[in-house]
Amino acid sequence: MKPLTRRQMAWRAAQDIVDGAYVNLGIGMPTLVSDYLPAGREIVVHSENGILGMGGAPRPGAEDPDLINAGKGLTTLLAGGAFFHHNDAFAMIRGGHLDLSIMGAFEVSQDGDLANWTTDDPAFAPGVGGAMDLAVGAKEVRALMEHTTKDGAPRIRRHCVYPLTARACVKRVYTNLAVLDITAEGVVVREMIEALDLASLQDVTEPKLILANDWKRFSAPAL
Amino acid sequence: MKPLTRRQMAWRAAQDIVDGAYVNLGIGMPTLVSDYLPAGREIVVHSENGILGMGGAPRPGAEDPDLINAGKGLTTLLAGGAFFHHNDAFAMIRGGHLDLSIMGAFEVSQDGDLANWTTDDPAFAPGVGGAMDLAVGAKEVRALMEHTTKDGAPRIRRHCVYPLTARACVKRVYTNLAVLDITAEGVVVREMIEALDLASLQDVTEPKLILANDWKRFSAPAL
Amino acid sequence: MIDKRVPSLAAAVAGIASGMTVLCAGFGTVGEPIELIEALLPLGVRDLVIVSNNAGTGERGIALLIRERRVRKVVCSYPRTSDPHVFEAEFKAGRIELELVPQGTLSERIRAGGAGIGGFFTRVAAGTRLGEGKEAREIDGALHVLERPIKADVALLRAERGDRWGNLVYRKSARNFNPVMAPAGALAVAQVREMAELGTLDPEAIHTPGIFVDRVVVA
Amino acid sequence: MIDKRVPSLAAAVAGIASGMTVLCAGFGTVGEPIELIEALLPLGVRDLVIVSNNAGTGERGIALLIRERRVRKVVCSYPRTSDPHVFEAEFKAGRIELELVPQGTLSERIRAGGAGIGGFFTRVAAGTRLGEGKEAREIDGALHVLERPIKADVALLRAERGDRWGNLVYRKSARNFNPVMAPAGALAVAQVREMAELGTLDPEAIHTPGIFVDRVVVA
């Protein structure tokens, strides 16, 4: 059994984004999703700092210091893209105009509660950015995170331990081990990586898992 | 004694607009004010439908059907002007960014209450437009109205009879007989037209008038 | 591929049904999507709630819908625009409801609807007849009323140019309510004078980004 | 004549005093009016409240003000931007206050300040630690919190081009908070890369109309 790399996780999340979707990709791992958007689909990437139609990283020599993404990395604009101010960017988010927000997470609860803004680590000042806006505003929220902490503790919890970003917002979770849906019935395993069994997955997951009837194995290309 | 014409009243109101002022001129008589803005002053006229830097009426042949003022008459744009949407236009109004709003009025009270949106005439559906926004939002509100109704009843009242647009907002009133300030002490006569005396003005004004120490006669050019 | 272009006015208004709330952009006839509005007639829809600054001019657009008795209620700031005789007649006859809203509050309520704001306090109309019945409170010494967002089933828009992603550019004062209403309609439909190739509209000067627009038709 | 151009950074920040609330535009360093912010240093001002998306990057701009201990409090959404070491050090030492606000709520509160809105209800932060202590109510079945407008003494802006009326045009993602903050400062000052002749900025594409701007300086 070989857990997915961060890039493989981003790749897996990218495969589910449908043609024509308006999506926001959070800072950190979700930003990598934009590298793996499936060919042949026109997907409009939104950025909190006033961009729709964001492209990938610029070619060397084509960098523009005035054109950055929400993670403050250099980016580009596709044909058909537009610039606007911060308040319009958040009217798009809060007003329910984004089809999908993919965010990193510290924890997701069995009810879809999301904790991704602070661990109360006294070594750092807390920062929230646009996480609460996205969690509340996007039509669908999906989390992209390692299945466990570095210490092996589950990140999919009965109840989040860390302070909440928003309640009952996450519908799907992509981890390095599985794809899981948060449903009214509970946490449903849709996909597992090769050679992983449900019992082993349950060992690193706090709430009781439900294996979907049509669950499948999945693997990602080497990335 | 010769009361001012509507154009003369507009002329008089225009003389008080200072260089550099951002002003909104209400529909009806106040729109005429833009024809008499004193030469040598740069005055930026705002319109509710998304214009700053509105000019006068277009020359024949230069009319543009997409360029109208709040009264829906054709207008022009000065160099330095800008177009924006309705919500930005009202952010300017409500947010206190306009130096001056000149509006028509049915009645003004001694406390500066303004009544200018409905007379409850059952023959017409009521309309409010941007009057309440302007009355509340502009840094200064001045009213431009005939001193009396067609029947000779005073329009400057102790208390407005018609439904209010906003309380305590009018600071100055231009009529066809006088220029009056609404002050904490009462209604102060600043200027009267030629051959009018205070007693005659008081006869057509409900609240007790105070004659300013430095009051003066004024006359307008033939218009 | 994203292609919001539709080939006809009929396709542009497909699915709009009786009883819906319809935002109609424009200030008087300027920026009013007259052809889209009139395309509602053959659909046979009735009992519409029209939200617009005015209540129809002459006998076209909103006025035609009202004359044909398709409108149950108008939410507007100023029904007495130039030539409002159709609305006036229906109103006096008691056949149409009017909700009068100060123009800036109307705009802000629509904006709140599109921006996911649950309500806002404004001084405008506080202490007046138009503020009666609304929750009121003093904030920083001034009386405010609480205003609710306006969300609509449909927003009908008129722009100068549009592209297949739904990006829109308006012309001069025809912009008015258009960019405010686009986000507040569950379905937003724009008639444009001209279709532009994707990428030819200046990204620095797109007035309504395509995310807010569902269909674009040349009319 | 209207002429908002000023000849120097010193003239641009004249009158800004200790204890004032200062909106600083920008997202990270992009769109941050670094030169204007640093021009506050020779004024000797202290105890500033800085409202900005971040809390300073590296050692320039907001970070420099903080390092020089001119800032009492930062209101922001994300102090942990790239290289926040100056803020982090002051924060850990307990020498600077932090009010953390979700980014969209921060933007909306500033917008409310500039647009004369007395407060608004939003679902964002409701039921979370950042919503604690705020008035809450259920609206249409969802918990909302009441947020207050942010009005400031000063807004510091950075634009690509400006003219003597104060009209501003930004470039790409450097627009960000600039047009939101301009209306919310009692004094709004913009540094621009280039001054434009009046009338040469496209009236269809002015991002901040001059009414919101008091001073413009090339920097």
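Labels for the chains are A, B, C and D, by order of writing; each one numbers its residues from 1.
In this section, a residue touches a chain if its C-beta (ideal position, glycine included) is under 8 Å from a C-beta of that chain, and two chains touch if they have at least 3 such contacts.
Here the structure is a predicted model, which means the values were calculated and not measured.
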Farthest from chain A in C-alpha centre terms, which chain would that be?
B
Tell me which has more C-beta contacts between its two chains, B-D or A-D.
A-D
Express in whole angstrom the distance between the two chain centres, defined as the mean CA positions of chain A and chain B.
56
Distance between the centres, which are taken as Cα means, of chain D and chain B, whole angstrom:
35
Once you find the CA centre of chain A and the CA centre of chain D, what distance in Å lies between them?
29
How many angstrom lie between the CA centroids of chain C and chain D, rounded to a whole number?
32
Junction residues of chain D - those touching two or more other chains
108, 111, 115-117, 122-123, 170-172, 204, 207
Quick one: which residues in chain B touch 2 or more of the other chains?
77, 83-84, 90, 93-94, 136-137
Examine which chains touch each other and state the graph shape they make (line, ring, star, complete, other).
other
So the touching chain pairs work out to A-C, A-D, B-C, B-D, C-D
Chain C-facing residues of chain A, complex
19-20, 22, 42, 44, 46, 52-53, 77, 79-84, 88, 90-98, 137
Given the complex, residues on chain D that touch chain B span 1-2, 111, 113-117, 163-165, 167, 183, 198-199, 201, 203-204, 206, 209-212
If you look only at chain C, which of its residues touch chain D in the complex?
108, 112, 115-123, 139-140, 142, 144, 169-172, 202, 204-205, 207
If you look only at chain D, which of its residues touch chain A in the complex?
27-28, 30-31, 53, 55, 77-82, 84, 87-88, 91-92, 98, 100-105, 107-108, 110-111, 122-125, 127-130, 170-180, 207
Flag every residue of chain B that touches chain C in the complex, lowest number first.
47-51, 64-68, 72, 77, 83-87, 89-90, 93-94, 123-133, 136-137, 163-167
